[in-house]
Amino acid sequence: MSLDRAVSLRDLEPLAEAVLDPAAFAYIASGAGDEHTLRDNEAAFARRSLRPRVLVDVTAVDPATSVLGTRVPMPVGVAPTAQHGLAHPGAEAETARGAGQVGALFCLSTLSSLALEEVAAAVDGPAWFQLYTHTDPAVTDDVIERAVSAGFGALVLTVDLPVVGQRDREVRGGYVWPTEPGRFGTFARYGDGAGAGLHRSQDTWAGLARIRERSAPLPLVVKGVLTGEDAALAVEHGAAAVWVSNHGGRQLDRTPASLDVLEEVVDAVDGRAEVYLDSGVRRGTDVLAALALGARCVFVGRPVLYGLALEGASGVARVLGMLQRELVTAMTLLGTPTVADVTRAHLA
Amino acid sequence: MSLDRAVSLRDLEPLAEAVLDPAAFAYIASGAGDEHTLRDNEAAFARRSLRPRVLVDVTAVDPATSVLGTRVPMPVGVAPTAQHGLAHPGAEAETARGAGQVGALFCLSTLSSLALEEVAAAVDGPAWFQLYTHTDPAVTDDVIERAVSAGFGALVLTVDLPVVGQRDREVRGGYVWPTEPGRFGTFARYGDGAGAGLHRSQDTWAGLARIRERSAPLPLVVKGVLTGEDAALAVEHGAAAVWVSNHGGRQLDRTPASLDVLEEVVDAVDGRAEVYLDSGVRRGTDVLAALALGARCVFVGRPVLYGLALEGASGVARVLGMLQRELVTAMTLLGTPTVADVTRAHLA
Amino acid sequence: MSLDRAVSLRDLEPLAEAVLDPAAFAYIASGAGDEHTLRDNEAAFARRSLRPRVLVDVTAVDPATSVLGTRVPMPVGVAPTAQHGLAHPGAEAETARGAGQVGALFCLSTLSSLALEEVAAAVDGPAWFQLYTHTDPAVTDDVIERAVSAGFGALVLTVDLPVVGQRDREVRGGYVWPTEPGRFGTFARYGDGAGAGLHRSQDTWAGLARIRERSAPLPLVVKGVLTGEDAALAVEHGAAAVWVSNHGGRQLDRTPASLDVLEEVVDAVDGRAEVYLDSGVRRGTDVLAALALGARCVFVGRPVLYGLALEGASGVARVLGMLQRELVTAMTLLGTPTVADVTRAHLA
Amino acid sequence: MSLDRAVSLRDLEPLAEAVLDPAAFAYIASGAGDEHTLRDNEAAFARRSLRPRVLVDVTAVDPATSVLGTRVPMPVGVAPTAQHGLAHPGAEAETARGAGQVGALFCLSTLSSLALEEVAAAVDGPAWFQLYTHTDPAVTDDVIERAVSAGFGALVLTVDLPVVGQRDREVRGGYVWPTEPGRFGTFARYGDGAGAGLHRSQDTWAGLARIRERSAPLPLVVKGVLTGEDAALAVEHGAAAVWVSNHGGRQLDRTPASLDVLEEVVDAVDGRAEVYLDSGVRRGTDVLAALALGARCVFVGRPVLYGLALEGASGVARVLGMLQRELVTAMTLLGTPTVADVTRAHLA
């Protein structure tokens, strides 16, 4: 089984399902509740229409951009997702190598199978660290310090998981959240089951100051914002970027699609920070729709895991390359040779 | 067969269908006419989007509230539904015990299989009595007096059943409305078939005064309101609460979904009475949508009957517990630690 | 095969298909083109919501009304449809007898299998005559004179069939328009194939004057109007009633559903004439939606033919009775004891 | 296999699929990406409603019109499509003969299987030449000169194909873009593979001047416009007509349906040029919707290729004739005896 039969990212899920353990597939693929938001994330892109401009010189189309000052080959990064060991024995190190092959921004999850230092060693390109706080603040502080030391370029605080969402399909699929020590590599050193301390319900705006202080000089990204109000608060609390996400439809079912709140967030941020988006990006045209609404970069989660499951690092690189080729074609046809050329006027 | 295979309330109907007599299932599950309203009741919730707020302290989430001054553990009660004997030999007493296990508000139907006194004896928590008037006013008066004596905490007058709706699926399923004496326990003492005297077309606003007088000191709830006009009339005629309902889609097909008229009713009531809602509530997020639009409490009907059919009292308790757990998770993810925190701004 | 298995008018089509000749069924059931309008006629009713008012005295609900001064037991009549001989050997006489059993208004088509005089002899209730003009004005004049003599109470001029619509399903089903003399009873006396002279493209507003003059003293109804402009013209040319219809979706595909233009027509007529509607009426609630938008009466076509095919006159009566019972139930539940009580405010 | 079983253009695709090479069928039938735009092109017509006017004299209905001063029997032409040799050995010459049989406007693609002169010899009616520029300007100039010499009546510059769209279905179907010399007849003389030089990303508004100059005295049509902005630019750069098209959904997926931007283009052109439309036209009523929104002519692509595949020239003529008959019926029923009678008021 390989990616050879995949013509687009749409093809990845069934191919990956065939090679993944059923419980692992249920964990990766599922959304919360009725999976309304999961479906709507993709449907939201289909509700947007692109307005192509013709007779623009598109002899040189370049999707490169920068995020937080770092040059990236395209406005598409790898979203932080947990437990890559479920998809491939090489886990996050393999994913990092794949992203590195195409130079794409890689964001490592706190809940990685490997310890963050092991992954950092495999990184060959821009990389950020996603943080879940721990019920023990000392652990949180230590994880932040290690991420800074390991050379990650930004700290991405996820704020939409005070508790884990109710994922019915996960339950039906027999997935059980791991409790054995060592299943989350970064937490292995803190003793038994510490990594399973997922309750983050104590996170507040006030607590953000402490995290910013500990993670300095790294820029702070706040991930999981779905309202203009919270986007403004994030900026006021010093976020360098606001990341619009509903966690791939895995947390609160019935939230709007990420794309549908992007404009509200962009308006609230009002140029004071960068804005990113994940949840539902599957096509080059999806990337353009998000850029047109004001996102600086988008992130993909499940497709990367599917590429990883099917072919390891090269699968990750192929998935990202597929999306990049689609993006270049779409930019050519939209009449926008650079990402800076994509404007609100390119959306109907 | 049990509830073990039910991950959410969505799973209950097929499980219950397998254990219920087909005609009884048709009676319980069916809606009127084309079942447009039946389907729309659930679809209306899916049309609403929740706006989760992040970095709110949700270390202590509590869904408790009060209805008409009575403390309840959650803003979800058991809607009055007829003939629980079709689902379980223990009938409404079993349901009342199940509700009592989780402390949920239980509303008994006039058309119960057991006599209201038999059910009252099993009640272990807040309980209300739902009234259908009888063509013989003396019977109505007596029933009211018995309900007051039995200790029910409020009288809920159902106003959307001047005649029984046309339920095609019921006819196809072979369900026949019972006419033998004793099938409706509360009416057994009034002689043959009296309980089958379902014509209530004589109920009017003017008649409400008499009912209020007879049922004093119990607060009066008017159930089955779908317009702002009638909500205002109910308040003006002394209702302590207005209950938005289309009878689970069983009366007039093509009415709006209950949720879709909730805001109109809340506006018309304008704080002068409490507002409740039933019809289509299946998820914790549904409860939040109704609260956000101004409901103080919602009620569930069919899911409770399915739990009753599958496991008796413990099935009822499990169904209510499932919904309560969903509600707590949803409140945590919405950033609303108490029901009072849920506002109109939490809906898109 | 009979109507015994029909719980509502929705059940009639498959039952009738089983007893009808396939080509005849294709002729009766088909719509024009993609059948977009055919489907939309019914879908339009499902897009409307009824607002039931409660605690109205509905001890006596009466659907009776009058059309053009004639009392009818309900605001539902039999629409003119061609060639009842395809459905039953008794043809239109049988249909007229069925309508008579419930006292419903019966409208006879020019293209009847039997001669209009034969049908008139079977009529036992209010009856109107629908006119298609003939390319030979002398034939038109004679037909009008015969209809007046036979005692029909109004002349209904159909204006939406200058040519027969393109009905793909009819072609696929092998239906061939009859050309033998005598297949259209009313035209038999005019010689070979005269009845097949269906081109009416010469009809104009100017020509209406001649028809009115010839048909006096009968009131003139203009049937097949879908715009406010034409409704106003019909009134200005002396129409006593305007009949909103897209010919059951059989003429121009992609017209709006009849219900969707009713309000526009009612506004244009502005009380100067009665307004009727056909196309898509299948439920008692459909009738109420049309009344709420200003129709005085609605007409049903295919369901009557299906009743005729299944059981002859008694089938026609049962279909009409089924709709009448639904209507009474719906009026009771809507809180409108008479048709005059149904207002625009009963629609959301 | 023939067209005998085709009742409407809707029937052509499956019939043609049965006779075409699978890869060729994939090439012809496919759209870009998720084929969202492909589907939406047809769906857009179904979202429009026609408002038929009655009692208009329609004894003589004539769909004839003129385009750029040339009289055509109907406002429906043959869109330029590549490689007719995939569908029939007679290729574009056969198509031209078929169009000639009904006098329809035929537009030849640059990427024809036969050399343009071979096709010109078969033309028997109005014909235009569609131009793709070549990376070698000398080749472009020569092709233009040959088209002028061969007697084509207008030059249609396609501007929506700077690169070929990403057509997933084409890839799945095994279609491979030809690279052997001679597969594109017009390019055969320029040496190996020249015809495969499809990169036209260098086309700009500035370059249009050169093309206009070289193609004078032929009028220039700009094809592939989807925005009012570009329509205005086309007019300002001397276009005699603006052709609204999304290339049959084959280029950028997620553009609006052609019909949905027609009004915007018509408004921007503001009478300064003619406006045409292709993409999704399958019904006579579709033609009327486009005319009502301001198109002077529409073009059909795939249906013509399917007719060609099924029956050669006569198949092409039958497909066009089928559409013309539908159009005449639709004009009759709309109450618009000439195309000039069709106005914006005929759309709801």
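A, B, C and D are the chain letters, set down in written order, and residue numbers restart from 1 in every chain.
One rule holds in what follows: contacts are C-beta pairs under 8 Å (C-beta built on N, C-alpha and C of every residue); 3 or more make two chains touch, one makes a residue touch a chain.
Fair warning: this is a prediction, and the values are worked out from it, not measured in the lab.
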item: Subunit D and subunit A - chains in contact with each; value: none
item: Interface sides of subunit C and subunit D: same vs different residues, half threshold; value: different
item: For subunit B placed onto subunit C, the superposition rotation in degrees, Cα atoms, nearest 5; value: 90
item: Chain centre separation in whole Å, for subunit B relative to subunit A (CA means); value: 43
item: Distance from subunit C to subunit A - Cα centre to Cα centre, in angstrom; value: 60
item: Subunit A residues counted as touching two or more neighbouring chains; value: none
item: Arrangement of touching chains [line / ring / star / complete / other]; value: ring
item: Touch list for subunit B against partner subunit C, complex; value: 33-34, 36, 159-160, 162-163, 165-166, 168, 171-172, 201-205, 207-208, 222, 224-227, 229-230, 233, 251-256, 260-261
item: Contact footprint of subunit D on subunit A as seen in their complex; value: 7-8, 10, 45-46, 48-59, 61, 283-285, 289, 325-326, 329-330, 332-335, 348
